[in-house]
Amino acid sequence: MIKVTVWNEYFHDDPQCDKCDARSIECHPNGLHETVAAIVRELGEDKVSVRTAVQKDPEHGLSQEVLDDTDVLIWWGHMAHDLVSDEIVDRVHQRILKGMGLIALHSAHYSKIFKKINGTTCSLKWRDGAYERIFTINPTHPIAKGIPENFELGVEECYAECFDIAKPDDVIFEGWFDIGEVFRSGCTWTRGYGKIFYFQPGHETNTAYWNPHVRKIIQNAVEWCYNPIARPYMDAPRIKTTLEELRNGSEGEYLRHF
Amino acid sequence: MIKVTVWNEYFHDDPQCDKCDARSIECHPNGLHETVAAIVRELGEDKVSVRTAVQKDPEHGLSQEVLDDTDVLIWWGHMAHDLVSDEIVDRVHQRILKGMGLIALHSAHYSKIFKKINGTTCSLKWRDGAYERIFTINPTHPIAKGIPENFELGVEECYAECFDIAKPDDVIFEGWFDIGEVFRSGCTWTRGYGKIFYFQPGHETNTAYWNPHVRKIIQNAVEWCYNPIARPYMDAPRIKTTLEELRNGSEGEYLRHF
Amino acid sequence: MIKVTVWNEYFHDDPQCDKCDARSIECHPNGLHETVAAIVRELGEDKVSVRTAVQKDPEHGLSQEVLDDTDVLIWWGHMAHDLVSDEIVDRVHQRILKGMGLIALHSAHYSKIFKKINGTTCSLKWRDGAYERIFTINPTHPIAKGIPENFELGVEECYAECFDIAKPDDVIFEGWFDIGEVFRSGCTWTRGYGKIFYFQPGHETNTAYWNPHVRKIIQNAVEWCYNPIARPYMDAPRIKTTLEELRNGSEGEYLRHF
Amino acid sequence: MIKVTVWNEYFHDDPQCDKCDARSIECHPNGLHETVAAIVRELGEDKVSVRTAVQKDPEHGLSQEVLDDTDVLIWWGHMAHDLVSDEIVDRVHQRILKGMGLIALHSAHYSKIFKKINGTTCSLKWRDGAYERIFTINPTHPIAKGIPENFELGVEECYAECFDIAKPDDVIFEGWFDIGEVFRSGCTWTRGYGKIFYFQPGHETNTAYWNPHVRKIIQNAVEWCYNPIARPYMDAPRIKTTLEELRNGSEGEYLRHF
């Protein structure tokens, strides 16, 4: 059972927020978090259990308890990254290093947590809108399971290279925009025991989340980002076991404890 | 001409510091920074110009002016990483993303800047002392130029896996310790335009910096980490040039400006 | 159900072979292929079905039929790599590119198929025997599931760097030998749809295959190397579908057919 | 002084060949090899010395003597890959492993040597013609020196993903085609001591080789592929030096000799 938390900024799509807009609310009547949660729930009740959280919640809905009870965190944010508390970001970061997966969607490239993971600016170029096609350039990767070699995404906000990220472990999807741009649309990294996937589609006023391939990619990513290996962790422990003791069967201090 | 700044914590090896110890001062009578600076200066006056800085200096000796005038920063710290100002660390980080190289030596694995670059804990295990041999497992890499396939380092503080780092772009050197440990002793990463090299030898009371191969590795690293490509940078600029305009020769907004 | 074929040279351990030796037969009374097959079968009848093949069989036991019916091929060879038919090697290579996994054990580093996969000499250095410890340096990788951060292997033939392989996608295990050597003991690659894992332990006269961690690693590798995605393949097809046709829903020639 | 050999199939562009066509001869009046050789010679007489070779020459112009005297080999072929002798290909392969660089241009993706390096089919999809733009997605790489973040290439034969290659060490350039395709247009690998660069532009009837950025990329690649480190090589040598002997200063058998 994979426990997923879908985190959404919930400014554009919150009728109660003074920054909201009609088109976003129209696309996501219950909030973008519910749109994405519905995608994950399609994996089945026996496979996943999904909760949601939004930025305006106390502690942004990410108490230590919630994070400890989350296997995979999905993050969508856009206009208010700077209002996310540094303390909560550190908490999320530590939880990732200890095995929680992270799926960063679209404008989450500029979220504090994604920038912390990469150690770069995570900047890119962008255009208002374009017609996008997505290519699977790493068809052997588990996240590419059941995804065609390419598919039409349709209208999407255009993200353009150069995408200032740390070198991905893998680039799985490449985006083509009719307006003349390309973009590394699906990338993975590992940090500690955390597995991270960035996926570019998903502007709040577009219909990417209703594309069947996009839905499948997010579902595959939930399964891939899930890392059930719970290993202990110690802060630079000093080892005193001798080689003789090891040869004689002592496990010594070779456990890394959380 | 590569402009190098050698930064040293200067606690162990500073006779004026109440945390100093005799053995460190004996190894580095003018400070570890001068030991390393001497290594770099061997590249020649026409090739490098070297300055040093220590933690107790105002702004840790790393004003914006100094950083803008530095091509490669070498960092050694051990017992006082937490006393390095977050503001200075951010300044160093931004400078790296804009093209300053970073060489992190030995215990600098736990420095704030190295952890920021990796986005991980950078933890490891360690032992008091061991006999170390170093293997060149990537002999084609420029940092391995003139380095034998393996060499005896001698007595060194033993660092042991698992080293919690981001996946290196390349692992160039692997360390073997007679006491039963291995370690990825030489690794590279790229962040933005910055090139980073971590090198494990160099405990303040050991003689690693007098090993001819260690000296050559540090010199090769200075040359490799130097990235003279100065490209402009813009914070997620919106592009408005049309494809037609581009085909007709307009350069448009495709420059990334610092 | 993963269909595994365990391929063994079966010279050292075949009492009928004039190159056999008593110690190998003692270790592997039914042949090394049965030793390894037993490891795989522990995954369970519902999970795997295992067959074996040896070099002296017609077509080395690897007819097109057998290969098409194999999901993961495990390869052990040592003294007679050159006697493996080039035609069979090409057949195995093509099958790998179409999705069959390959696990190359120990001296299989010098097999024709492993060298074809890497495009390098796959050379290394070696010593008669040493005491080995194995370190898990990539604990997040599926092949590392359930494997401690390090474990004692005991006596094993010592393989030493520099191992002339193509850059692995991942290095999962690192070997330490008391006699002064290190080695990248567990590495992965992907070629086409084939997933490849090389694992260093397993000299024919040693007891590596009875080490519980070694057994678990081989079992994890069988599961990881299994790639059920069957995608078609075409030899550099020319595409004629226009962008308009694609936007209007045509799938066009965008399927890659086997 | 980098010694470069430019190898060309010389069928399309050879007036004496019955497979030639007028447009290719018009683009390359002295053969495509002279077109490319001219690009390399722009680096300067003191920096490079360039020779050419064509498929119809004895031994395809690649005797052991010529190869031993070549630092970087540039390869262009298209319609007659299968007519290149396997023996010569092996010779080229061995020379690459010992330190000769390889630049594979355009349709050389299907050359025997490029497929040997990758261990894959090197297949792709293609279209007759399109308008191409090239993006620099790894601006820190030496091959990207002086290349803008993107540039207009103009009309070029369209190569399309999925490009069945081994995972590149680096992807430096990404191609965008107006007709709806993307392609990893500039990739690097290392095999042994050989450094390999694949660059997609360069159909025999197009003007890519007159684009100033394409010229600069090829020149950068010649400099990057040049690997002057000549190290010896031994075929899996057995080591007999003991740790004691090593500690006492013996270099032992730790040299890898060619």
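Order as written gives the chain letters A, B, C and D; numbering starts at 1 within each chain.
Methods note: a contact is a pair of C-beta atoms (placed from the backbone, for glycine too) under 8 Å apart; a residue touches a chain by one contact, two chains touch by 3 or more.
Note that this is a predicted model, so its numbers are computed, not measured.
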| item | value |
| --- | --- |
| Shortest contact path, subunit A to subunit C, counted in steps | 1 |
| A-B or B-D - the one linked by more C-beta pairs in contact | A-B |
| Farthest chain (mean CA position) relative to subunit D | A |
| Euclidean distance of C-alpha centroids - subunit B vs subunit C, Å | 38 |
| Chain centre separation in whole Å, for subunit B relative to subunit A (CA means) | 30 |
| Per-residue multi-chain contacts in subunit B, two or more chains | 133, 139, 149-150, 162, 178, 180-181, 190, 192, 243, 246, 256 |
| Of all residues in subunit D, those that touch subunit A in their complex | 133, 135-137, 139, 149-150, 161-163, 171, 174-176, 178, 180-182, 184 |
| Interface residues, subunit A side, partner subunit C - complex | 131, 133, 139-140, 144-145, 148-150, 152, 178, 190, 192-195, 227, 229, 231, 243, 246-247, 254-256 |
| Sites on subunit A touched by subunit B in the complex | 93, 97, 110, 116-121, 123-128, 160, 162, 164, 166-167, 169, 179-181, 189-192, 233-240, 242-243, 246, 253-254, 256 |
